[in-house]
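Right after this note come the structures.
Consider the two complexes below, in which chain A is the common component and chain B and chain C are the respective partners.
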Partner chain A sequence: MQKGDKFNHTFQVTEDIYQGFINIFNDRNPLHIDTIIAQSKGFASCVMHGNILNGFLSYFIGECLPTKDVIIHRQSILFKKPTYLGDILEFKAEILDFYESVNALEFSFKFIHHERGIVAKGDFQIGIT
Partner chain B sequence: MEKEQILKDVNEIFCDVLDNEDITIDYNTSAPDIEEWDSLSHIQLVVAIEKHFKVRFTASEISGWGNVGEMIDCILSK
Partner chain C sequence: MQKGDKFNHTFQVTEDIYQGFINIFNDRNPLHIDTIIAQSKGFASCVMHGNILNGFLSYFIGECLPTKDVIIHRQSILFKKPTYLGDILEFKAEILDFYESVNALEFSFKFIHHERGIVAKGDFQIGIT
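For the complex of A and B:
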(Lines of atoms letter the chains of each structure in order from A and count residues from 1; the text may use other names and numbers.)
(Lines give C-alpha, C1' and ligand atoms only; values in the text may rest on other atoms or scores of the structure.)
Protein backbone atom coordinates (compact mmCIF):
# COMPACT_ATOMS: atom_id res chain seq x y z
CA MET A 1 0.00 0.00 0.00
CA GLN A 2 1.21 3.52 -0.70
CA LYS A 3 0.25 7.16 -0.50
CA GLY A 4 -2.64 7.95 -2.81
CA ASP A 5 -4.06 4.42 -2.96
CA LYS A 6 -7.88 4.52 -2.98
CA PHE A 7 -10.38 1.97 -1.71
CA ASN A 8 -14.16 1.66 -2.13
CA HIS A 9 -16.79 -0.50 -0.45
CA THR A 10 -20.55 -0.50 -0.06
CA PHE A 11 -22.27 -0.92 3.29
CA GLN A 12 -25.94 -1.14 4.21
CA VAL A 13 -27.50 -0.40 7.58
CA THR A 14 -29.70 -3.47 7.70
CA GLU A 15 -32.32 -4.38 10.33
CA ASP A 16 -29.96 -7.10 11.60
CA ILE A 17 -27.13 -4.61 12.12
CA TYR A 18 -29.44 -2.07 13.75
CA GLN A 19 -31.05 -4.61 16.12
CA GLY A 20 -27.71 -6.31 16.73
CA PHE A 21 -26.12 -3.06 17.79
CA ILE A 22 -28.98 -2.35 20.18
CA ASN A 23 -28.93 -5.84 21.67
CA ILE A 24 -25.17 -5.82 22.15
CA PHE A 25 -24.66 -2.31 23.45
CA ASN A 26 -28.12 -1.54 24.88
CA ASP A 27 -28.18 2.01 23.53
CA ARG A 28 -31.96 2.45 23.39
CA ASN A 29 -31.93 6.22 23.36
CA PRO A 30 -35.34 7.39 22.01
CA LEU A 31 -33.63 9.11 19.11
CA HIS A 32 -32.66 5.65 17.89
CA ILE A 33 -35.85 3.72 18.65
CA ASP A 34 -38.79 6.17 18.83
CA THR A 35 -39.89 7.58 15.47
CA ILE A 36 -42.17 10.22 17.04
CA ILE A 37 -39.36 11.60 19.18
CA ALA A 38 -36.88 11.48 16.30
CA GLN A 39 -39.32 13.38 14.08
CA SER A 40 -39.99 15.90 16.85
CA LYS A 41 -36.28 16.66 16.72
CA GLY A 42 -36.45 17.26 13.00
CA PHE A 43 -35.31 13.89 11.69
CA ALA A 44 -37.14 11.88 9.05
CA SER A 45 -37.29 8.79 11.29
CA CYS A 46 -35.22 6.94 13.89
CA VAL A 47 -31.56 7.96 13.59
CA MET A 48 -29.17 5.04 13.38
CA HIS A 49 -26.38 4.80 15.97
CA GLY A 50 -23.36 6.67 14.60
CA ASN A 51 -21.06 3.98 15.91
CA ILE A 52 -22.55 1.48 13.51
CA LEU A 53 -20.35 3.29 10.99
CA ASN A 54 -17.34 2.63 13.20
CA GLY A 55 -18.32 -1.02 12.99
CA PHE A 56 -18.21 -0.77 9.21
CA LEU A 57 -14.81 0.91 9.54
CA SER A 58 -13.60 -1.98 11.69
CA TYR A 59 -14.74 -4.42 8.97
CA PHE A 60 -12.97 -2.42 6.28
CA ILE A 61 -9.68 -2.25 8.17
CA GLY A 62 -9.83 -5.85 9.31
CA GLU A 63 -11.09 -7.48 6.14
CA CYS A 64 -10.81 -5.27 3.02
CA LEU A 65 -7.17 -4.16 2.96
CA PRO A 66 -4.54 -6.13 1.00
CA THR A 67 -3.11 -7.47 4.27
CA LYS A 68 -4.64 -8.80 7.48
CA ASP A 69 -1.44 -7.87 9.37
CA VAL A 70 -2.91 -4.62 10.63
CA ILE A 71 -3.56 -2.95 13.95
CA ILE A 72 -5.55 0.22 14.50
CA HIS A 73 -3.58 3.00 16.19
CA ARG A 74 -6.04 5.84 16.03
CA GLN A 75 -9.35 6.74 14.40
CA SER A 76 -11.61 9.78 14.45
CA ILE A 77 -15.00 10.33 12.87
CA LEU A 78 -17.19 13.36 12.23
CA PHE A 79 -20.91 12.74 11.84
CA LYS A 80 -22.30 15.28 9.32
CA LYS A 81 -25.75 13.95 8.44
CA PRO A 82 -28.11 11.37 9.97
CA THR A 83 -28.11 7.77 8.82
CA TYR A 84 -31.40 5.87 8.62
CA LEU A 85 -32.43 2.22 8.60
CA GLY A 86 -31.83 0.63 5.21
CA ASP A 87 -29.38 3.28 4.06
CA ILE A 88 -26.85 2.13 1.48
CA LEU A 89 -23.58 3.96 2.02
CA GLU A 90 -20.64 4.20 -0.32
CA PHE A 91 -17.41 4.01 1.67
CA LYS A 92 -14.35 5.69 0.18
CA ALA A 93 -10.89 5.65 1.73
CA GLU A 94 -7.53 7.03 0.62
CA ILE A 95 -4.04 6.64 1.98
CA LEU A 96 -2.85 10.09 3.05
CA ASP A 97 0.61 9.15 4.25
CA PHE A 98 2.96 6.26 4.87
CA TYR A 99 5.45 6.49 7.76
CA GLU A 100 8.17 4.04 6.76
CA SER A 101 10.01 4.59 10.06
CA VAL A 102 7.24 2.95 12.09
CA ASN A 103 5.41 1.13 9.27
CA ALA A 104 2.24 3.11 9.79
CA LEU A 105 -0.35 4.30 7.30
CA GLU A 106 -2.69 7.25 7.65
CA PHE A 107 -6.04 7.17 5.83
CA SER A 108 -8.91 9.55 5.25
CA PHE A 109 -12.36 8.10 4.75
CA LYS A 110 -15.97 9.09 4.10
CA PHE A 111 -19.37 7.47 4.05
CA ILE A 112 -21.56 8.80 1.24
CA HIS A 113 -25.31 8.48 0.80
CA HIS A 114 -26.58 8.92 -2.77
CA GLU A 115 -28.98 11.70 -1.72
CA ARG A 116 -27.64 13.15 1.53
CA GLY A 117 -24.02 13.18 0.36
CA ILE A 118 -21.26 12.75 2.97
CA VAL A 119 -22.95 11.49 6.12
CA ALA A 120 -19.67 10.93 8.00
CA LYS A 121 -15.96 11.35 7.40
CA GLY A 122 -12.76 11.03 9.33
CA ASP A 123 -9.30 9.54 9.41
CA PHE A 124 -7.47 6.65 10.95
CA GLN A 125 -3.95 5.39 11.39
CA ILE A 126 -2.99 1.74 11.24
CA GLY A 127 0.23 -0.13 11.79
CA ILE A 128 1.37 -2.97 9.58
CA THR A 129 2.43 -5.69 12.03
CA MET B 1 16.55 25.51 14.11
CA GLU B 2 18.62 25.49 17.30
CA LYS B 3 19.08 22.24 19.23
CA GLU B 4 17.59 23.81 22.39
CA GLN B 5 14.46 24.87 20.54
CA ILE B 6 14.08 21.39 19.03
CA LEU B 7 14.36 19.90 22.53
CA LYS B 8 11.62 22.26 23.73
CA ASP B 9 9.35 21.33 20.81
CA VAL B 10 10.01 17.61 21.30
CA ASN B 11 9.24 17.96 25.00
CA GLU B 12 5.83 19.46 24.10
CA ILE B 13 5.17 16.58 21.72
CA PHE B 14 6.04 14.09 24.47
CA CYS B 15 3.64 15.81 26.90
CA ASP B 16 0.87 15.83 24.31
CA VAL B 17 1.26 12.31 22.91
CA LEU B 18 1.92 10.71 26.31
CA ASP B 19 -0.89 12.72 27.99
CA ASN B 20 1.34 13.93 30.81
CA GLU B 21 2.06 17.66 31.11
CA ASP B 22 4.68 17.01 33.81
CA ILE B 23 7.12 15.21 31.50
CA THR B 24 10.48 16.97 31.24
CA ILE B 25 13.04 15.43 28.89
CA ASP B 26 16.69 16.10 28.29
CA TYR B 27 19.24 14.77 25.83
CA ASN B 28 19.87 11.66 27.93
CA THR B 29 16.24 10.72 28.43
CA SER B 30 15.29 7.30 27.12
CA ALA B 31 12.19 5.09 27.22
CA PRO B 32 12.86 3.48 30.63
CA ASP B 33 12.85 6.99 32.13
CA ILE B 34 9.23 7.66 31.16
CA GLU B 35 6.51 5.26 32.21
CA GLU B 36 4.16 6.15 29.37
CA TRP B 37 6.83 5.70 26.69
CA ASP B 38 6.12 2.19 25.40
CA SER B 39 6.27 0.58 21.94
CA LEU B 40 2.80 1.75 20.90
CA SER B 41 3.21 5.32 22.12
CA HIS B 42 6.65 5.35 20.51
CA ILE B 43 4.92 4.98 17.14
CA GLN B 44 2.72 7.99 17.86
CA LEU B 45 5.74 9.99 19.10
CA VAL B 46 7.67 9.30 15.88
CA VAL B 47 4.67 10.14 13.67
CA ALA B 48 4.00 13.35 15.63
CA ILE B 49 7.67 14.37 15.41
CA GLU B 50 7.81 13.68 11.68
CA LYS B 51 4.67 15.76 11.17
CA HIS B 52 5.83 18.63 13.42
CA PHE B 53 9.32 19.00 11.92
CA LYS B 54 8.20 17.94 8.40
CA VAL B 55 10.92 15.31 8.19
CA ARG B 56 10.92 11.61 7.41
CA PHE B 57 12.96 8.98 9.25
CA THR B 58 13.79 5.51 8.08
CA ALA B 59 13.15 2.42 10.17
CA SER B 60 16.89 1.89 10.60
CA GLU B 61 17.42 5.47 11.76
CA ILE B 62 14.88 5.26 14.55
CA SER B 63 16.07 1.83 15.67
CA GLY B 64 19.48 3.41 16.23
CA TRP B 65 18.24 6.02 18.70
CA GLY B 66 19.47 5.40 22.22
CA ASN B 67 18.02 8.56 23.76
CA VAL B 68 16.33 11.86 23.03
CA GLY B 69 19.66 13.49 22.15
CA GLU B 70 20.25 11.03 19.33
CA MET B 71 16.67 11.56 18.15
CA ILE B 72 17.30 15.31 18.01
CA ASP B 73 20.62 14.86 16.22
CA CYS B 74 18.68 12.86 13.63
CA ILE B 75 16.16 15.68 13.25
CA LEU B 76 19.02 18.16 12.84
CA SER B 77 20.59 15.96 10.17
CA LYS B 78 17.51 16.28 7.92
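For the complex of A and C:
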Protein backbone atom coordinates (compact mmCIF):
# COMPACT_ATOMS: atom_id res chain seq x y z
CA MET A 1 0.00 0.00 0.00
CA GLN A 2 1.30 3.44 -0.84
CA LYS A 3 0.26 7.08 -1.06
CA GLY A 4 -2.39 7.62 -3.72
CA ASP A 5 -3.78 4.07 -3.64
CA LYS A 6 -7.56 4.14 -4.05
CA PHE A 7 -10.22 1.72 -2.83
CA ASN A 8 -13.92 1.33 -3.56
CA HIS A 9 -16.71 -0.61 -1.94
CA THR A 10 -20.50 -0.51 -2.02
CA PHE A 11 -22.57 -0.66 1.17
CA GLN A 12 -26.31 -0.76 1.68
CA VAL A 13 -28.15 0.30 4.84
CA THR A 14 -30.48 -2.71 5.02
CA GLU A 15 -33.34 -3.34 7.45
CA ASP A 16 -31.19 -6.02 9.15
CA ILE A 17 -28.35 -3.56 9.72
CA TYR A 18 -30.69 -0.80 10.93
CA GLN A 19 -32.64 -3.07 13.32
CA GLY A 20 -29.47 -4.86 14.39
CA PHE A 21 -27.77 -1.59 15.27
CA ILE A 22 -30.79 -0.52 17.35
CA ASN A 23 -30.95 -3.88 19.12
CA ILE A 24 -27.26 -3.83 19.99
CA PHE A 25 -26.78 -0.21 20.99
CA ASN A 26 -30.31 0.83 22.06
CA ASP A 27 -30.17 4.22 20.37
CA ARG A 28 -33.89 4.73 19.82
CA ASN A 29 -33.71 8.51 19.43
CA PRO A 30 -36.97 9.64 17.73
CA LEU A 31 -35.01 10.96 14.72
CA HIS A 32 -34.02 7.35 14.00
CA ILE A 33 -37.29 5.53 14.70
CA ASP A 34 -40.20 8.00 14.41
CA THR A 35 -41.01 9.00 10.83
CA ILE A 36 -43.39 11.80 11.88
CA ILE A 37 -40.78 13.43 14.11
CA ALA A 38 -38.04 13.00 11.49
CA GLN A 39 -40.30 14.64 8.88
CA SER A 40 -41.21 17.46 11.28
CA LYS A 41 -37.49 18.25 11.40
CA GLY A 42 -37.32 18.48 7.61
CA PHE A 43 -36.08 15.00 6.72
CA ALA A 44 -37.70 12.73 4.14
CA SER A 45 -37.96 9.87 6.62
CA CYS A 46 -36.18 8.39 9.65
CA VAL A 47 -32.51 9.30 9.58
CA MET A 48 -30.19 6.32 9.89
CA HIS A 49 -27.68 6.32 12.76
CA GLY A 50 -24.46 7.93 11.60
CA ASN A 51 -22.50 5.28 13.42
CA ILE A 52 -23.82 2.64 11.04
CA LEU A 53 -21.38 4.24 8.59
CA ASN A 54 -18.61 3.78 11.16
CA GLY A 55 -19.55 0.10 11.26
CA PHE A 56 -19.07 -0.02 7.48
CA LEU A 57 -15.70 1.63 8.00
CA SER A 58 -14.80 -1.15 10.46
CA TYR A 59 -15.58 -3.73 7.76
CA PHE A 60 -13.56 -1.86 5.14
CA ILE A 61 -10.50 -1.56 7.36
CA GLY A 62 -10.72 -5.06 8.79
CA GLU A 63 -11.63 -6.95 5.64
CA CYS A 64 -11.01 -5.02 2.42
CA LEU A 65 -7.37 -3.92 2.56
CA PRO A 66 -4.50 -5.90 0.99
CA THR A 67 -3.37 -6.92 4.50
CA LYS A 68 -5.33 -8.09 7.54
CA ASP A 69 -2.48 -6.99 9.82
CA VAL A 70 -4.03 -3.66 10.72
CA ILE A 71 -5.33 -1.80 13.74
CA ILE A 72 -7.17 1.52 13.86
CA HIS A 73 -5.32 4.35 15.60
CA ARG A 74 -7.90 7.09 15.11
CA GLN A 75 -10.84 8.03 12.92
CA SER A 76 -13.00 11.06 12.21
CA ILE A 77 -16.26 11.46 10.34
CA LEU A 78 -18.30 14.47 9.27
CA PHE A 79 -21.99 13.92 8.46
CA LYS A 80 -23.04 16.18 5.61
CA LYS A 81 -26.40 14.74 4.53
CA PRO A 82 -28.90 12.29 6.02
CA THR A 83 -28.78 8.59 5.18
CA TYR A 84 -32.07 6.72 4.85
CA LEU A 85 -33.12 3.09 5.12
CA GLY A 86 -32.26 1.18 1.94
CA ASP A 87 -29.66 3.70 0.77
CA ILE A 88 -26.89 2.27 -1.36
CA LEU A 89 -23.67 4.12 -0.61
CA GLU A 90 -20.54 4.13 -2.69
CA PHE A 91 -17.54 4.13 -0.38
CA LYS A 92 -14.28 5.61 -1.67
CA ALA A 93 -11.03 5.70 0.25
CA GLU A 94 -7.56 6.93 -0.63
CA ILE A 95 -4.20 6.64 1.10
CA LEU A 96 -3.10 10.18 1.97
CA ASP A 97 0.23 9.29 3.49
CA PHE A 98 2.43 6.49 4.75
CA TYR A 99 4.38 7.18 7.93
CA GLU A 100 7.18 4.70 7.55
CA SER A 101 8.82 5.48 10.91
CA VAL A 102 5.73 4.32 12.79
CA ASN A 103 4.37 1.93 10.14
CA ALA A 104 1.10 3.85 9.90
CA LEU A 105 -1.13 4.78 6.98
CA GLU A 106 -3.47 7.74 6.76
CA PHE A 107 -6.61 7.52 4.62
CA SER A 108 -9.37 9.88 3.57
CA PHE A 109 -12.79 8.43 2.80
CA LYS A 110 -16.26 9.40 1.67
CA PHE A 111 -19.69 7.78 1.42
CA ILE A 112 -21.55 8.88 -1.69
CA HIS A 113 -25.24 8.55 -2.51
CA HIS A 114 -26.10 8.69 -6.22
CA GLU A 115 -28.62 11.51 -5.73
CA ARG A 116 -27.60 13.27 -2.51
CA GLY A 117 -23.87 13.22 -3.24
CA ILE A 118 -21.38 12.95 -0.39
CA VAL A 119 -23.36 12.04 2.74
CA ALA A 120 -20.31 11.64 4.98
CA LYS A 121 -16.57 12.03 4.76
CA GLY A 122 -13.59 11.79 7.01
CA ASP A 123 -10.20 10.29 7.60
CA PHE A 124 -8.56 7.58 9.64
CA GLN A 125 -5.12 6.33 10.56
CA ILE A 126 -4.26 2.66 10.86
CA GLY A 127 -1.15 0.90 12.02
CA ILE A 128 0.32 -2.10 10.22
CA THR A 129 0.87 -4.69 12.95
CA MET B 1 -26.86 22.48 28.41
CA GLN B 2 -23.90 24.80 28.72
CA LYS B 3 -20.13 24.87 28.59
CA GLY B 4 -18.59 22.81 31.38
CA ASP B 5 -21.57 20.46 31.87
CA LYS B 6 -20.36 16.93 32.59
CA PHE B 7 -21.99 13.58 31.89
CA ASN B 8 -21.18 10.03 32.98
CA HIS B 9 -22.35 6.63 31.84
CA THR B 10 -21.13 3.06 32.24
CA PHE B 11 -20.94 0.68 29.27
CA GLN B 12 -19.98 -2.97 29.11
CA VAL B 13 -18.70 -4.79 26.01
CA THR B 14 -20.87 -7.87 26.39
CA GLU B 15 -20.84 -11.05 24.33
CA ASP B 16 -24.17 -9.98 22.76
CA ILE B 17 -22.72 -6.64 21.65
CA TYR B 18 -19.51 -8.22 20.33
CA GLN B 19 -21.29 -11.00 18.41
CA GLY B 20 -24.02 -8.63 17.28
CA PHE B 21 -21.49 -6.18 15.88
CA ILE B 22 -19.76 -8.99 13.96
CA ASN B 23 -23.07 -10.31 12.62
CA ILE B 24 -24.18 -6.87 11.43
CA PHE B 25 -20.97 -5.51 9.98
CA ASN B 26 -19.03 -8.68 9.11
CA ASP B 27 -15.70 -7.39 10.37
CA ARG B 28 -14.05 -10.72 11.19
CA ASN B 29 -10.49 -9.43 11.11
CA PRO B 30 -8.30 -12.00 12.94
CA LEU B 31 -7.36 -9.42 15.59
CA HIS B 32 -11.03 -9.42 16.64
CA ILE B 33 -11.85 -13.14 16.45
CA ASP B 34 -8.61 -15.17 16.70
CA THR B 35 -7.12 -15.25 20.20
CA ILE B 36 -3.84 -16.83 19.04
CA ILE B 37 -3.26 -14.14 16.42
CA ALA B 38 -4.23 -11.33 18.82
CA GLN B 39 -1.80 -12.72 21.41
CA SER B 40 0.94 -13.06 18.78
CA LYS B 41 0.59 -9.30 18.26
CA GLY B 42 1.09 -8.63 21.96
CA PHE B 43 -2.51 -8.36 23.13
CA ALA B 44 -3.97 -10.24 26.09
CA SER B 45 -6.83 -11.59 23.98
CA CYS B 46 -9.03 -10.68 21.01
CA VAL B 47 -9.24 -6.91 20.65
CA MET B 48 -12.78 -5.58 20.49
CA HIS B 49 -13.78 -3.54 17.43
CA GLY B 50 -13.09 0.13 18.11
CA ASN B 51 -16.35 1.02 16.45
CA ILE B 52 -18.27 -0.72 19.22
CA LEU B 53 -17.27 2.34 21.26
CA ASN B 54 -18.73 4.56 18.53
CA GLY B 55 -21.98 2.59 18.94
CA PHE B 56 -21.91 3.45 22.65
CA LEU B 57 -21.38 7.07 21.65
CA SER B 58 -24.50 6.85 19.46
CA TYR B 59 -26.50 5.68 22.51
CA PHE B 60 -25.09 8.43 24.71
CA ILE B 61 -25.90 11.19 22.22
CA GLY B 62 -29.29 9.81 21.23
CA GLU B 63 -30.55 8.76 24.65
CA CYS B 64 -28.62 10.28 27.57
CA LEU B 65 -28.67 14.03 26.97
CA PRO B 66 -31.26 16.40 28.52
CA THR B 67 -32.86 16.76 25.07
CA LYS B 68 -33.66 14.21 22.38
CA ASP B 69 -33.65 16.96 19.72
CA VAL B 70 -30.10 16.33 18.59
CA ILE B 71 -28.22 15.28 15.49
CA ILE B 72 -24.52 14.46 15.15
CA HIS B 73 -22.52 16.84 12.93
CA ARG B 74 -19.11 15.24 13.31
CA GLN B 75 -17.15 12.95 15.62
CA SER B 76 -13.56 11.84 16.17
CA ILE B 77 -12.07 9.07 18.24
CA LEU B 78 -8.50 8.11 19.13
CA PHE B 79 -7.87 4.56 20.31
CA LYS B 80 -5.15 4.52 22.97
CA LYS B 81 -5.45 1.04 24.50
CA PRO B 82 -7.16 -2.21 23.52
CA THR B 83 -10.64 -3.05 24.77
CA TYR B 84 -11.42 -6.69 25.60
CA LEU B 85 -14.59 -8.74 25.86
CA GLY B 86 -16.39 -8.09 29.14
CA ASP B 87 -14.65 -4.77 29.79
CA ILE B 88 -16.65 -2.29 31.82
CA LEU B 89 -15.90 1.20 30.58
CA GLU B 90 -16.64 4.43 32.37
CA PHE B 91 -17.72 7.02 29.81
CA LYS B 92 -17.18 10.67 30.64
CA ALA B 93 -18.22 13.58 28.43
CA GLU B 94 -18.01 17.33 28.88
CA ILE B 95 -19.41 20.24 26.92
CA LEU B 96 -16.45 22.20 25.53
CA ASP B 97 -18.42 24.93 23.85
CA PHE B 98 -21.85 26.08 22.74
CA TYR B 99 -22.03 27.76 19.33
CA GLU B 100 -25.19 29.78 19.77
CA SER B 101 -25.24 31.15 16.21
CA VAL B 102 -25.58 27.65 14.74
CA ASN B 103 -27.20 26.00 17.78
CA ALA B 104 -24.39 23.47 18.06
CA LEU B 105 -22.60 21.95 21.05
CA GLU B 106 -19.07 20.59 21.11
CA PHE B 107 -18.18 17.79 23.54
CA SER B 108 -15.03 15.96 24.53
CA PHE B 109 -15.32 12.39 25.76
CA LYS B 110 -13.26 9.50 27.06
CA PHE B 111 -13.78 5.82 27.80
CA ILE B 112 -11.91 4.70 30.91
CA HIS B 113 -11.06 1.19 32.09
CA HIS B 114 -10.37 0.85 35.83
CA GLU B 115 -6.98 -0.81 35.22
CA ARG B 116 -5.88 0.29 31.76
CA GLY B 117 -6.96 3.92 32.14
CA ILE B 118 -8.20 5.87 29.12
CA VAL B 119 -8.75 3.36 26.30
CA ALA B 120 -10.22 5.89 23.87
CA LYS B 121 -10.95 9.60 23.74
CA GLY B 122 -12.25 12.10 21.26
CA ASP B 123 -14.75 14.82 20.57
CA PHE B 124 -17.99 15.36 18.72
CA GLN B 125 -20.26 18.16 17.67
CA ILE B 126 -24.03 17.90 17.73
CA GLY B 127 -26.73 20.23 16.50
CA ILE B 128 -29.85 20.99 18.51
CA THR B 129 -32.73 20.47 16.06
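As a working rule, the second predicted complex is superposed on the first by the 129 of 129 C-alpha atoms of A that agree within 3 Å, B and C clash if a C-alpha of one lies under 4 Å from a C-alpha of the other, contacts with A are read in each partner's own complex, and residues count from 1 in each chain.
In the analysis below, a residue touches a chain if its C-beta (ideal position, glycine included) is under 8 Å from a C-beta of that chain, and two chains touch if they have at least 3 such contacts.
Bear in mind that the values here come from a model prediction, so they are computed numbers and not experimental data.
*Asks:* Looking at chain A, which partner touches more of its residues: chain C or chain B?
*Replies:* Touching more residues of chain A than the other partner does is C.
*Asks:* Going by the contact rule set out at the top, does A:K41 touch chain B (first), chain C (second), both, or neither?
*Replies:* A:K41: touches chain C, not chain B.
*Asks:* Who does A:R74 touch here: chain B (first), chain C (second), both, or neither?
*Replies:* Both partners, chain B and chain C.
*Asks:* If we overlay the two complexes on their shared chain A, which of chain B and chain C does A:A104 touch? Say first, second, both or neither.
*Replies:* Touch partner of A:A104: chain B, not chain C.
*Asks:* By the touch definition above, which chain A residues appear in both interfaces, chain B in one complex and chain C in the other?
*Replies:* 73-74
*Asks:* Can you list the residues on chain A that touch chain B in the complex?
*Replies:* Going by the criterion above, the answer is residues 73-74, 99-104, 106, 125, 127.
*Asks:* Quick check: in the complex, which residue numbers of chain C touch chain A?
*Replies:* It is residues 16-17, 20-21, 23-32, 41, 47, 49-51, 54-59, 61-63, 68-79, 122, 129 of chain C that touch chain A.
*Asks:* For chain B, which residues are in contact with chain A within the complex?
*Replies:* 40, 42-44, 46-47, 50, 56-59, 61-62
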